[in-house]
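Some structures to go through are shown next.
Okay, so subunit A shows up in both of these, paired with subunit B first and subunit C after.
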Partner chain A sequence: MRYFTEDHEWVDVDGDIGTVGITDYAQGQLGDIVFVDVPEEGKTVTKGDEAAVVESVKAASDVYSPVSGTVIEGNADLADNPGLVNEDADGEGWFFKLTLSDPDELKDLMDEAKYEAFVAKL
Partner chain B sequence: MSDEAETEIELQTLPLDAWHRARGGRMVPFAGYHMPVQYEGIMAEHLWVRDSAGLFDVSHMGQLLLSGDNLDDELEKLIPADVKGVALGQQKYSLLLAENGGILDDLMFSRWPSGIYMVVNGAVKYEDIAHLREHLPDEITINHLDDRALLALQGPKAFDVLKRHTTGDYPLDVLVFMKGGRFEIAGVDAYISRSGYTGEDGFEISIPADAAEKVADLLCGEPEVKPIGLGARDSLRLEADLPLYGHDLDPETTPMMAALGFAVASKRRREEANYPGAERILLEREQGPVVKRVGLLVEGRQPVREGAAVLDADGSEVGKVTSGGFAPTLGAPIAMAYVPAAMAEVGTRIQLNQRGKVHEATVAAMPFVPHRYVRGSK
Partner chain C sequence: MSNINQSGWRPEMTPERRASDATFTGNRALMLEEALIFEIGSTETTGVEVAEPAKVASRLGGLERNAPIGLPGLSEPEAVRHYTRLSRQNYAIDLGLFPLGSCTMKHNPRLNEKMARLPGFADVHPLQPVDTVQGALGVINELAVWLIELTGMHGVAMTPKAGAHGELCGILCIKAALEAKGEGHRNVILVPESAHGTNPATAAFAGYTVEDIPATAEGRVDVEALKARLGPDVAGVMITNPNTCGLFEREMKTISDAVHAAGGFVYCDGANFNAIVGRVRPGDLGIDAMHINLHKTFSTPHGGGGPGSGPVVLSEALSPYGPLPFTERHPDGHITLVEEETVGDRHPHSFGRMCAFNGQMGMFTRALTYILSHGADGLRQVAEDSVLNANYILRSLEDTLDAPFAASGPCMHEAIFSDDGLPEGFSTIDIAKGLIDEGYHPMTMYFPLVVHGAMLVEPTETESKAALDQFIGALRSVAERAKAGDESLRSAPHFAPRRRLDETLAARKPVLVWKDPELAQAAE
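Entry: the complex of A and B
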């Protein structure tokens, strides 16, 4: 099941493991992505806190964690190939995986249909 | 993700506003105007200009026509250039200087039969006009040509494209870098100069605003030409060692600090030393400025941008990055920074602090990408 934030992050949840990325809409807004800084394994993140940095040619943007938890893996492929986020934001261009510390937080997030409606109004 | 909000203050629209939107331009506020930051993407647009030709709308810039008796003498009281030595059709880069030698704006000027045509930065054009009005005698007329658009066609194929569409008393070939003249494009009266802000060969085309769409359509109808936004304009000029006013240049910065010694090199003007800040500027020319604008190659992939601190060996802040970003031609991050003279030598290793993270950089020779201006043989 995939959940979305109003800041255009997604978290794909399987059991208590979540995979976090930014949406296709977000990568389109950012333009050519040249650098991604993902959190290291073991880092504790809190919902709404800055967890990663994504830089396009033009600007740097923070990526906030949609949920709280402990990072178990950052996407190492993005170091050499940050353009993966442009090519496949919903898949190969994921940012990090974490163990959710409070699955109840998911209730505050949008499902795909709600997110699509949200983006359509932007 | 975070959004960057810019304050919107009664933004003006360019003559080509609807044209940009129809072509998918993403409009952002810049210099008081709605301007296209990109169409298909900054990286692709940047590389297209280096390989082919791109059309930029720079109608936000101030186009002025100064005329009147003793214009050359009076203008030389405000800028350090050899105005008298500029013949009809010649163009020169110069600086509007404050009393302390600080830079109020950088500009291009050329000799027209009717006076001096000047192009100044959009963000400060009204301040520039006020400054000129205040310091030039009443006999000098300042005509703000705000009914004109300015387009820049830049890139190695710009000449081939423009030649197809220009007619005039002489062929386009007579224009070499920093020369200009009157031509017609599709029946539209145009002043064209061979100049630009990308480091590539190219032209700047001044035309009546109501003809801008016709000319833009004509040029972008050629297979070599695509419209290019502000984003690529910024990365192209950064690679080409062209400082941007309000970022790399400001009233606290002198020409020598900004590594613009060529703008204060005229022998006659140095001997006369009668422009604002001449004493300080000429002293810096002799002894070297205390701080200097340099180019930096940044290690790794992460861009280091405007505002990052330059650190000395003890980790103290001794300078600032004034422009920085990812250089598409090089595939690496680059920057411009002001550093103490002792750290300005090419090859000097420098540390930068951006949001608490330290980046390694090396002072590099500029331009980062060689200029490809078409100069005349002397």
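Entry: the complex of A and C
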């Protein structure tokens, strides 16, 4: 099941493991991405915290963690190939995986249909 | 009037058969190709014959260099030609209108240069006895008096060496003042979305947590949101006024009063002071600290032409915390430097120093020359003409380009447009590259972030109406080509020394140091 934030992050939840990325809409707004800084394994993040940084030719942005938890893996492929986020924001361009500490937080997030409606109004 | 752009290439002069017009040298008449200096100079040659140094026993403990250093050997004319040729591929304010928004690329008057080259200013050393540099210290002191007068502030720190350095100086004053009051726990600096990008960087560098304050739809600070965020943890706010949307923050006094009532300080980014100099005194708006970019408002060269200089004016509340050293004029006209050794108990709360010596002397001389040659009325006209020129551009182009804040009243010193209304596949960068073909440096693009595909144009007071009309014509022509879906625009520039560069690749895989291609290939 995939959930979305108003800041254009997504989190895919499988059991208590969440995979976080930015949406295709977000990568389109940023333009060509030139650098991604993902959190290290073991880092604890709180929902809404700055967890990663993404830089494009136009701008640098913080990526906020959609949920709280402990990071178990950062996407190492993004260091050499940040363009993966442009090519496949919803898949190969994921940022980090974490163990969710409070699955109840997911209730505050949008599902895909709601997010699409949210973006349509922007 | 002619549509021909005198400052650059004329499109109709381009040969029709571009593919086959290659010359033997790669040069095209006065447009000269130039290789990198490492590629033209061989390590086997040298422009100067130096005798082999006598063998001496090394005392470097095995750390001495054991391979050639690899510097290209060029004769003096070869070196001079190399850099002169490269300079001809560049754009400069001495070549034409430089519309880079937020940068205030105005003319650098030659009188400034003449004054700065007087030996008494140019050939002094910061460690000379003060009795031998009274003229130079007099320049610093008189410029300080002018800056205080023009801003209605209480004191000024002359030493910061650029805008962001000045920001840091101002924030360190705020920090020192809060600590002196026992309020060092205040750890948040509020920065509106319409502020300069250096503001949050400065606050973070000084150890503060930065929080955004949103902009209103009309492009100004959301005063209610700012007031709602004020509290016992807020050290201060950093506001750029006029802001990066090119608008004057009309509620500045209300904002200052609210911040002061909540126990914080107000920092104003004065990079855009050019729009209000002689018209508005920041001190009257309740501002506690503001840097002044001498290299913008006061016409000293920048952007590769010279160092910046960012004196910071301070309110009465912050002045005691300003940095050392500073000049002091005595009743008999003698000027001394107040430094650690001589400060005594007159300035006990200074937070320290911003730099080793007294600041950018060469820029002080130029800025004071500019101020004295304009006078108070002339400086006022600087602000008026810069605002008039920007509004002329805004109103001339709002029918062609989307102007998001056109309804927010007159703009100040810069006009802002968005990429709204451009067809699919065309963006701000295509307009910018098209302007290069028209012989202009592009405007600032994709900044400020609050405007989608922003194009920020600042003509300054330098330009005549004829120059503005020509620029407006060029920008209109490029914008209309984009709106008509002219595919050739997407591969512009066509007439520059280099075509469109792969900026993404350059950012992703920067090559910062020249490497011998053979060695580089061997390494891979």
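The criterion applied here is as follows: the second predicted complex is superposed on the first by the 122 of 122 C-alpha atoms of A that agree within 3 Å, B and C clash if a C-alpha of one lies under 4 Å from a C-alpha of the other, contacts with A are read in each partner's own complex, and residues count from 1 in each chain.
Note that in this section a contact is a pair of C-beta atoms (placed from the backbone, for glycine too) under 8 Å apart; a residue touches a chain by one contact, two chains touch by 3 or more.
No experiment lies behind these values; they were computed from the predicted model shown.
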After the match on subunit A, would you call subunit B and subunit C a fit or a clash? clash
Using the superposition on chain A described above, determine whether A:P82 touches subunit B (first), subunit C (second), both, or neither. both
Which partner chains sit in contact with A:V57 here, subunit B, subunit C, both or neither? Use first/second/both/neither. both
Touching A:G93, do we find subunit B (first), subunit C (second), both, or neither? neither
Touching A:V34 in the superposition: subunit B (first), subunit C (second), both, neither? both
Once the structures are superposed on A, label A:G69 by its partner contacts, choosing first (subunit B), second (subunit C), both or neither. neither
Determine, under the contact definition given at the top, whether A:G21 touches first (subunit B), second (subunit C), both, or neither. neither
Can you list the residues of subunit A that touch subunit B in one structure and subunit C in the other? 32, 34-35, 55, 57-59, 82
As the complex stands, subunit B meets subunit A at residues 1-2, 4, 37-38, 41-44, 46, 231, 234-235, 301-303, 305, 325-326, 328, 333
Residues of subunit C touching subunit A in the complex: 446, 449, 503-504, 507-508
List the residues on subunit A that touch subunit B in their complex, please. 7-9, 22, 26, 30-32, 34-35, 37, 54-64, 79, 82
Write out the stretch or stretches of subunit A touching subunit C in their complex. 32, 34-35, 55, 57-59, 82-83
